[in-house]
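This report refers to the structure that appears directly beneath it.
Letters A, B, C and D name the chains as they come in the text, with residue numbers starting at 1 for each one.
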Amino acid sequence: MYQTAYSSKPVTPSPVVLKPEALIIGGGIVGMTVAGELAREGVQVVVVEKGETLGGGAGDLRFFYDRPADVRKWMEEMISTLEGDANITVLKGGKLERLDGQMGRFQALIRISDGGVRTLSPCAVVVATGGITRPVEAIRGQSRCIGLSEMEKLLAECRDLPLTRNGRPVMRATFLLDLTNDDIKIDTVTALKQALLLQGKGCRTAIVARDLKVSVSGMELLYSRAREEGVLFFKYDDPPVLTDTGDAIAVEVQDMTTLRKEERETLSLPSDLVVVGETFAADPETEELCRAMKLRTGPGGRAMEDNPQLQRVTSNRRGIFVAGACRFPQVVTESLREARAVVQEVMALLLGGGGTYTAENPVAEVDAGKCALCYTCVRLCPHIAIGVERYGERNVYAAPAEKDQNSPWQAARIEPAACFGCGICVAECPARAITLYR
Amino acid sequence: MSPVAPKIVAFCCEQSGVLALDMAKSSNAKLPDNLELVPVPCSGRIETLYLLRALESGADGVVVFACYEENCRYLQGNIRLKSRVGYAKQLLAKIGLEPERLEIFPLATNSGVKCAEFLMRKSDQLGALGPNLGKTAKE
Amino acid sequence: MKSGSNLEKVFVNGHFAVTAELGPPKNNDVSVIQRKVDFLRGYIDAVNITDNQTAIVRMSSIATSVFVIQMGMEPVMQMVTRDRNRIAMQSDLFGATALGIKNIVCLTGDHHTFGNQVHAKNVHDLDSVQLIHMVKTMRDEKVLMGGEEKIEGDVNMFIGGAANPFADPFEFRALRTAKKAAAGVDFIQTQCIYDMVRFKEWMKMIRDLGVDKKVHIMAGITPLKSTGMARYMAKNVAGITIPDALIDRMAKAAKGSEEGIKICVEQIQEVREIEGVHGVHIMAIEWEQMIGKITEMAGLLPRPKID
Amino acid sequence: MIKAEQKPFEEILEYLAPYDKILLSGCGACVTVCHAGGEKDAALLASALRMARQKMGKPLEILESTPARQCEPEFAEELSETIGQVQAVLSVSCGVGVQTLARRYTATQIYPGVNTTFLGETVAHGVWEERCQACGNCILEKTAGVCPIARCAKQLLNGPCGGSANGKCEIKRETDCAWQLIYDRSKSLGQLHRLTEIIPAKQWGTQSRDSGPRRIAREDLKV
């Protein structure tokens, strides 16, 4: 018959020693949250932030949609506690250039902007580099057309009533959503939050969207409050037409309440300001980082996009986690929830297993004698768990070959801790030299 | 109909196939009687050789229950399987066996009924094709 | 004088030379050669005899050249390195010079998979540059390849080569022609020209390298018979680029062939003004009968008689 | 490494028609690396052959054995006991392996299972391209590390020919023109001037196949 999928050989893969040391790439709110909570549990944390200050993408956030707290103050407190914490070292202007080895013996090479180079050996790595938005190309050149982030700044800094921009009062504002990113909830949340604030400042606001995404906790309430406050809501199929009428921009929408298309009349919303959602783009630096760390990037070029079989924060490599906007653009509260999920994972990994990790899933092993060093398995392993020891001076972990104790392993070698037990390498090996042991 | 029902070997991915078949069994959907299930951690674990050896050693038809394209827990498993089944089908053509004797049936954990129906259809189809003349093991 | 051929005398006396091309028959029917020679008689200085062009089996270039001489016209024997190794090529040179053939064009030749003998074993013992050098050493130093074997008597050939200014890498094309000049080539016939801008750029590079002083450059011209032919050549023939403007012009014209001849004549007049172009090589593939009309319309007649 | 491709299935069936017990022997080195004759591909071929013959009503018993290499006498010796029990051998090793077995086992017919094609480089997983013809007189120093003998359809030493367009060879659109590569690399190495020197005719006879089959004999190593 044929060899069964597993072969039973009592092999207990040698456990990997895990020191409580973690590396966090990205000093935004997710990175800081993870760092703070891990440090409190006694984990030695290094945060690498490419910029000169912590805070990251959410830096230009001023208001929470679900609580009245002042974001800037909350952010500054977080930064100060972080920088004061003994367990946390922050490397500003740092960039991960290279990550070698496997979980338990990662070798991270960090290049600092002042020319310095640091080599770290973390046992777990968290990627929280956030996402970037492309600035709003002024739609048809109107200067009265701004992005959501600019409106956030205006609402925070401009104290006078009614709100003024470049000296002109803002009495009528219209939010235009879903022109670019249509599967992302963050624009609707921000628009609703800002609309309520504007309404509070006596400005009549309308929200024009393809469809309102309210599947974020607390959003149903916010929507009904907005309706009570008098915010107007319009839906559209084909994008509304904007025309500059000199002192305002007229946003023409169709009254979608009448069912038959031809009977719908068009309404015009004259507005002093039209606010548009910025486009969330794949961050080339995150893509480069994923290449350096051999992380799988999803179709949108972001780290580890959704796959129902995978937990939200784990990556394709053991010991590396991904959280926040770099994984998928999302509201701050959702990013923070992912941050806490990462903290759970890292603590379970570093502290839960009594300082070691042994693979529960079946683990594949290469018979060094039969391996023809053809690199098939190394190329195909989705989890980057296989290296070739003899050449890989970077994969310096020279496990003694079974037969001949002192000569380094002269073949492909599967790191037991990094193996997920899928068996792809076993099936592809041309020398049938790999076996999957339960 | 041939006296003995056609033998089907079904390789089942533990993430989807195995669970779907458990569901089929628990909701006692009708399953072909000469069915052998081979669980594998991922459809990517199934070598091309397994597909041929299964046919060689007595199966009249081989089915692989794998996850849908984007849903592989190990990211590449079902994609690698697809190219291996393609290669195996070319070999079957050269051997002179009908292509219907080897098929991938993508499914998710909840498609128990769907996979049971598929197996019954496959059993009838193989019955019509007649026994696999290439099998070397004697019944 | 290198070989005293009529073509050489035309160049030496500063005339604007005209050559054409004659494809030997795919059998041994000499009347085919006779008919083509009669089409060309009086309109050209010498005629290229192709050597199994596009690797399609035809009567050999030497045999056809001998018939052409008997019919009172001067041949330019083409020799490709695809089919013969250095032994065969040197022995053919002895035969050719003995039979009175005075001009040779050394080519690498089209790859045999283009022709009707795709399963052949190609030779490529030498390449065109090395062949040029071999013929020159036989003529000037009277030694066989390898340098030891002395040759009794003269092996005088007026040596020609090809150049394709439209192939890649463009910046290297002039340098490669310079290499052929260094190897000892006497005249160069270019691939057929349709992209005049690129040809002029190439000629400028040739002049900058001073190659036009050492070598007679002949511009290759092929009249287009129809729009179909133009599109076919643009797409399938490697190394030939035909600007769309030309194809559109052909498509718009009432009668494709007449427009083709008009374009051909304009091209000849245009290349005559380019400094360093000493002649034109008209490749009227299976259209030899038009050479008379073309040369007459382009004002290239009568051909100079030099004794 | 040596690259090879399995022979068409029908051709192999033809070879094995007269026999009913054979050895199918793979090789653990080069043909394993290019997935042509390693243990996996040998077992696959064996299974397919058994089924095909079974279907024809003439079952074929196939013993399988894949030594680490087939081009060493000792590895060939490993198979002697098995070869004693079979009527013929189908070797999916490269041409060297087939002939090593043929030299050793004079009474047994050794059939090739693969077509050995070229010495090649892996350009992508599962894709190999010809790099070397083992001509015995390497000129890579002159051509910026790209060999025109192996990678130019006309083996030109003073290329490129007139058919090179957009960096591709005139006879196959997907093949890079070797001389374009030589030109590009020479440019990046700042050695373009070297391409203007004429490379004289190659002495094919000194070390290449054209002076008959070759032999290397290291007196110092001889036992």
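Things to note:
Here, a contact is a pair of C-beta atoms (placed from the backbone, for glycine too) under 8 Å apart; a residue touches a chain by one contact, two chains touch by 3 or more.
In this text, all values refer to a predicted model and were calculated from it rather than measured experimentally.
Counting hops only between chains that touch, chain B reaches chain D in a minimum of 1. By number of C-beta pairs in contact, C-D leads when A-D and C-D are compared.
A summary of chain positions shows that the Cα centroid lying nearest the centre of all protein Cα atoms is that of chain D. With centres set at the average Cα position, the gap from chain B to chain C is 66 Å.
Chain A and chain D have CA centres that are 48 Å apart.
Rounded to whole angstrom, the centroid-to-centroid distance between chain A and chain B, based on C-alpha atoms, equals 39 Å.
Within chain D, residues 40, 43 each touch two or more of the remaining chains. Residues of chain B found to touch two or more other chains are 47-49, 53. The chain pairs satisfying the stated touch condition come to A-B, A-D, B-D, C-D. The touching residues of chain D, when paired with chain A in their complex, are 28-29, 32-35, 38-41, 43, 66, 68, 122, 125.
Across the complex, chain D is touched by residues 47-49, 52-53, 55-56, 91, 94-97, 133-136 of chain B.
On chain A, the positions that touch chain D within their shared complex are 369-370, 372-376, 379-380, 429-432.
Touching chain B in their complex are the following residues of chain D: 9-10, 40, 43-44, 47-48, 50-52, 54-55, 59. Within the complex, the chain D residues that touch chain C are 153-167, 170-171, 177, 180, 183-184, 195-196, 198, 200-201, 204.
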